[in-house]
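Take a look at the structures listed below.
Same chain, two partners: chain A is paired with chain B first, then with chain C.
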Partner chain A sequence: MALEIVRRATRIVVCAAAACGTAMAADFITVPGGRFASVLPQGPVPTVSVPVEVAAFAMRATPVTAGEFLAFVRAHPEWQRGRAPAIFADRRYLVDWRSPVLLADGGAADRPVINVSWFAARAYCESERARLPTWLEWEYTAAADETRRDARADPQWRRRILSWYERPATTSPPRVGGAPNVFGVSDLHGVVWEWVDDFNALFIAGDSRVQGDPDTAKFCGAGALSVIDRDSYAVLMRIALLSSLSAADTTGSLGFRCVRPGGERP
Partner chain B sequence: MNPPLSRRDVLRRLGFVAGMWWAARAEARDIPGDSVYQLRAQLTDQDGRSFELSSLRGQAVLVSMFYSSCEQVCPMIFETIRLTLLALPVADRERVRVMMISFDPARDSVAVLKATAEAHQCDARWALLRAEDAEVRRIAAVLGVQYRRLASGEFNHSSAIELLDTEGRIAARTGTLGAADPGFVKAVRKALSRQA
Partner chain C sequence: MNVARSAGILDAHATRIGLAAMLCAPLLSFGAQPAAGDFGPPRGAPIHAVLTSPPNVPPPVARNRPAKVIVTLEVVEKEMPISEGVTYTFWTFGGTVPGSFIRVRQGDTVEFHLKNHPDNKMPHNIDLHGVTGPGGGAASSFTAPGHESQFTFKALNEGIYVYHCATAPVGMHVANGMYGLMLVEPPRGLPKVDHEYYVMQGDFYTTGKYREKGAQPFDMEKAIDERPTYVLFNGAEGALTGDKAMKAKVNETVRLFVGNGGPNLVSSFHVIGAIFDKVRFEGGTNFQTNVQTTLIPAGGAAIAEFRTRVPGSYVLVDHSIFRAFNKGALAILKVDGEPDKAIYSGKELDSVYLGDRAGANLNAVTRATASSAAGTLSLDDQVHAGQALFAGTCSVCHQGNGAGLPGVFPPLAKSDFLGADTRRAIGVVLHGLSGKVTVNGQEYHSVMPPMTQLNDDEVANILTYVLNSWGNPGGRISIDEVKQQRAAPTAPAKASEH
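Right, the complex of A and B next:
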């Protein structure tokens, strides 16, 4: 009996070391669901933000690293630089790497992967039986600080996040593994921008005054969205960036992380 | 019981299989990197048949996205495509294909797509298509279409009409609605001139 348990435990350890699936098993943190008022209106009236129910999910504790992405492209050569079709990844895809299967330098493995397109990010998440987070899931998790699920009303929290945006962009982002927030998720601010699955749903009106007169020739339905909380500059910058991108675009400060639905374990 | 195969039969069959394999391989290899047909998406048309985007390879294709319950711009998209086809010389009209992809797989069942096709008098040139949500997001991404489901069940979406050339590359795009855009019509004719 005891022997059987040892044998089973051994098998699990061996499996983890040999990296069942892709790369090493990533740490997915369960984020409990809750009510959340997004800076983007979710309700029927485009100018009124109604809190919505966010269902529980499990999010990667840190952004996907260059080392993890390297393991992915080794297992999936069709996603290597030079092989990924232009419609899925632009010319700057993984441009910072030394070769299609070599990182830039020795210290890069635990930095977030950058210069990845939305298609590549999505393919990576699928390889670990996950998906990209929705904007709502990302914003909900990123609203937390170390002790509170929603720290957004705290001016100090806002200042701290904004200070990251004042820092000049360096050639490589910092290593992953910063202080986790109350959910146990790290690096949502201060490391890289991150793709979300519905990045092409984030189009917004440039000015709330156009809300009464939506440009229906360009946007069908209720017109483009307006942003409710214009004080959330840091979040607005993310939305502005994401809404300006095409799915094949890559940038030197844009990475991603993955989520699994319902907080399920791998 | 089947008669035994002669050596020539065997060789002929082997040759046929090899030829098929070679053709399939060449086809996969040939799709340009910037072609929408790189996307292997699972779609279903208004007659319930499974549909591959790349099945329209070799033809000029107009493509747009819509949802059937839309009352504002979507009917105008159908109308604009109809006007664009009418602006072409008669001989060209029949050679253009149209793909309309739904944002709303939950409500746009095959039956609803069929009814929508009939309501807009879409003939055999038109394919009204549905796919699962995650697939719709990918298709919108390659086409550069932005969309968002509202709590009301309505959709916000950008409403361009795109032209795919014979290789599935986006050759032109128009935001003009309610009339045929002359520049776009010209681009369609150009794409047709390259069609075998």
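Right, the complex of A and C next:
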């Protein structure tokens, strides 16, 4: 029902954003499609990753910021802290904000929004006529560095990802707008974890050693995780995080960004 | 439902676990005989377990009934020193490596709460080896940052058990320090001892070299190749040395709970200078007595007990000894008290051991021996042979350059004592010299033992080398001269009172 409300209110938000001026206007970057070998098994054989076609889409250049999310909850009070239903957002939802309509501090507006649930993220994306990316879309875009579409074999690329993992999230995330990758998309690594639309299909067992158990074969991706590949474990850690979550969960280092299908422009 | 997760209604994981618990629990308890170690339902009010940081161990349970014990463990990711000037981002159970020590009684019902601190980035879980059930609790405790999981188990088997994180990539979680020990006491407890300590070995993999300064990241390549940068007791070099050494007094009993978190190495655990009176090897019920070194597998533990007899510093090592001296696997147990000379005397003798001539290039010696036999021995042959022999035998004290050590070992270089009577030197080498001598104006009062291991050729060659080196007057000592002196009645060159 809440989603219905969001859908009806979408038009209002777009207008509101327009009224606010360009500072709040999201920049969607067209990401051309391509063939891509995911770290998760794709194709008919559950244990082998076969390259698959990824269709073109347009992705937000940066994660959704706290300022953008503030504008959203002002326009959609039902998504404010304390008003969002408990089944859609846990008790830590937007816990870092000073009040339901005030950010933590003056400088927080251009940092990624954190402590948001999957439901809230999804509602936000609908409000800008977009959706959450699929895991495959996210992984495909995030495999790039500044010059290459697939930099995953480069130890430097891996190093950069891991250096962020190694720092506990004791400080606020950095401001958005880091160096864009070859597609023109920024901040996929080193800023926040990001929700994906199909996070719930990324099941890995909570116990990482039972992946070969036939009982868990029903979990997509189970097979790939039984061996921690030197080249992909950094990405797999992101999947582990996503699979530890329920849709109402929030964490202090988890944000999101939105995509529009087919490279469609607003 | 026994799964408390905030807003858990849509939680697929929680629902699955909850259903399983509801379905399985009655089935397992119907009519079946209670498992060994099951002393029935918990009695009395729930008890909050006392958890301790290493090297401390919680006090004995001292309870004669099974109870419900609540254990709350918090996962904290934090940067801590791994060595002097070196930091590492550890993932911890309770803020320390190894994690908090858990102590319960066999038959207890343990309600386990795993909290993943909101500031953490990673999801975590826990596999307790003391749990009977799939994954040791791992699947039931998979917890996102800022959340808490709960599951309950009955501690059916007594013993010392490792717990660790089992989240993908499991090796990395373990390598970052996510392990600890849980003791399940037998119903009557363990025999009383004076000290109990908690020590756990782990191997660590950093991109920088051993002791390379600064914040060192985890190195997956080294971890997969099992090439640790550090092998440590209790998560840091110096965690159990200096002021932090474990302590005991003479004639006390010490019980060590020793775990090995791994992730890769097996520990050859040894305490230098102590013999374990008793070891519960592999943490099992059987024990071995009079043990020097006990093997502790990765993901295993042992209980080692011994009585302290002699004061001093006892060094705990992994006797795969390069790990101890080049990777940090050292800890100290400091025993204070009165020495017992009947058991251990301390040092009774400190004398120079004149080793053989190993390592010297003895070609020259061989040549000299051959020339001597052929009757063609030249001064040059003697000097070269003497040089090689001097390096092996004499240079230990008189130094390679013949300068000696002022006040300790007299010089041979430009030595007035030598120059005054070169033939006297033969007797010194053959019979030794003790007592006061004055060389180049300095008085020496020490002992040179007789060089009885040298044959006549060797003595002649060494002395000839000495006479022709370092500004000495030159000359030659023949084999015959040595022979004569050796045959003569012993007349030590110059022996004053000792």
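One rule holds in what follows: the second predicted complex is superposed on the first by the 218 of 266 C-alpha atoms of A that agree within 3 Å, B and C clash if a C-alpha of one lies under 4 Å from a C-alpha of the other, contacts with A are read in each partner's own complex, and residues count from 1 in each chain.
The definition used in the following text is that a residue touches a chain if its C-beta (ideal position, glycine included) is under 8 Å from a C-beta of that chain, and two chains touch if they have at least 3 such contacts.
Fair warning: this is a prediction, and the values are worked out from it, not measured in the lab.
**Student:** Touching A:86 in the superposition: chain B (first), chain C (second), both, neither?
**Tutor:** Both partners, chain B and chain C.
**Student:** Between chain B and chain C, whom does A:201 touch in the aligned arrangement: first, second, both, or neither?
**Tutor:** Only chain B is touched by A:201; chain C is not.
**Student:** Which partner does A:246 reach: the first (chain B), the second (chain C), both, or neither?
**Tutor:** both
**Student:** Just chain B (first), just chain C (second), both, or neither: which does A:131 touch?
**Tutor:** A:131 contacts chain B only, not chain C.
**Student:** State whether A:179 touches chain B only (first), chain C only (second), both chains, or neither.
**Tutor:** The answer is neither, since A:179 touches no partner chain.
**Student:** Look at A:162 in the shared chain and tell me whether it touches chain B only, chain C only, both, or neither; answer first, second, both or neither.
**Tutor:** After superposition on chain A, A:162 lies in contact with chain C alone.
**Student:** Of chain B and chain C, which one contacts the greater number of residues in chain A?
**Tutor:** Comparing chain B with chain C, the partner touching more chain A residues is C.
**Student:** Show which residues of chain A both chain B and chain C reach, each in its own complex.
**Tutor:** Of chain A, residues 86-87, 200, 225, 243, 246-247 contact chain B in one complex and chain C in the other.
**Student:** Can you check the complex and tell me which residues of chain A touch chain C?
**Tutor:** Residues in contact with chain C: 86-87, 89-92, 115, 159, 162-170, 193, 200, 204-210, 225, 228, 230, 233, 236-237, 239-241, 243-254.
**Student:** How about chain B: which of its residues touch chain A in the complex?
**Tutor:** Its residues touching chain A are 33-36, 38-39, 70, 72-74, 134, 137-138, 140-142, 144-152, 154-159, 175, 177.
**Student:** Give the list of chain A residues in touch with chain B in this complex.
**Tutor:** Going through chain A, the ones touching chain B are 42-44, 46, 50, 52, 85-88, 118-119, 122, 131, 197-198, 200-203, 216-225, 243, 246-247.
**Student:** For chain C, which residues count as touching chain A in their complex?
**Tutor:** Within the complex, chain C touches chain A at residues 5-14, 77-79, 89, 118-123, 125, 127, 134-135, 138-147, 166-172, 217-218, 220-221, 224.
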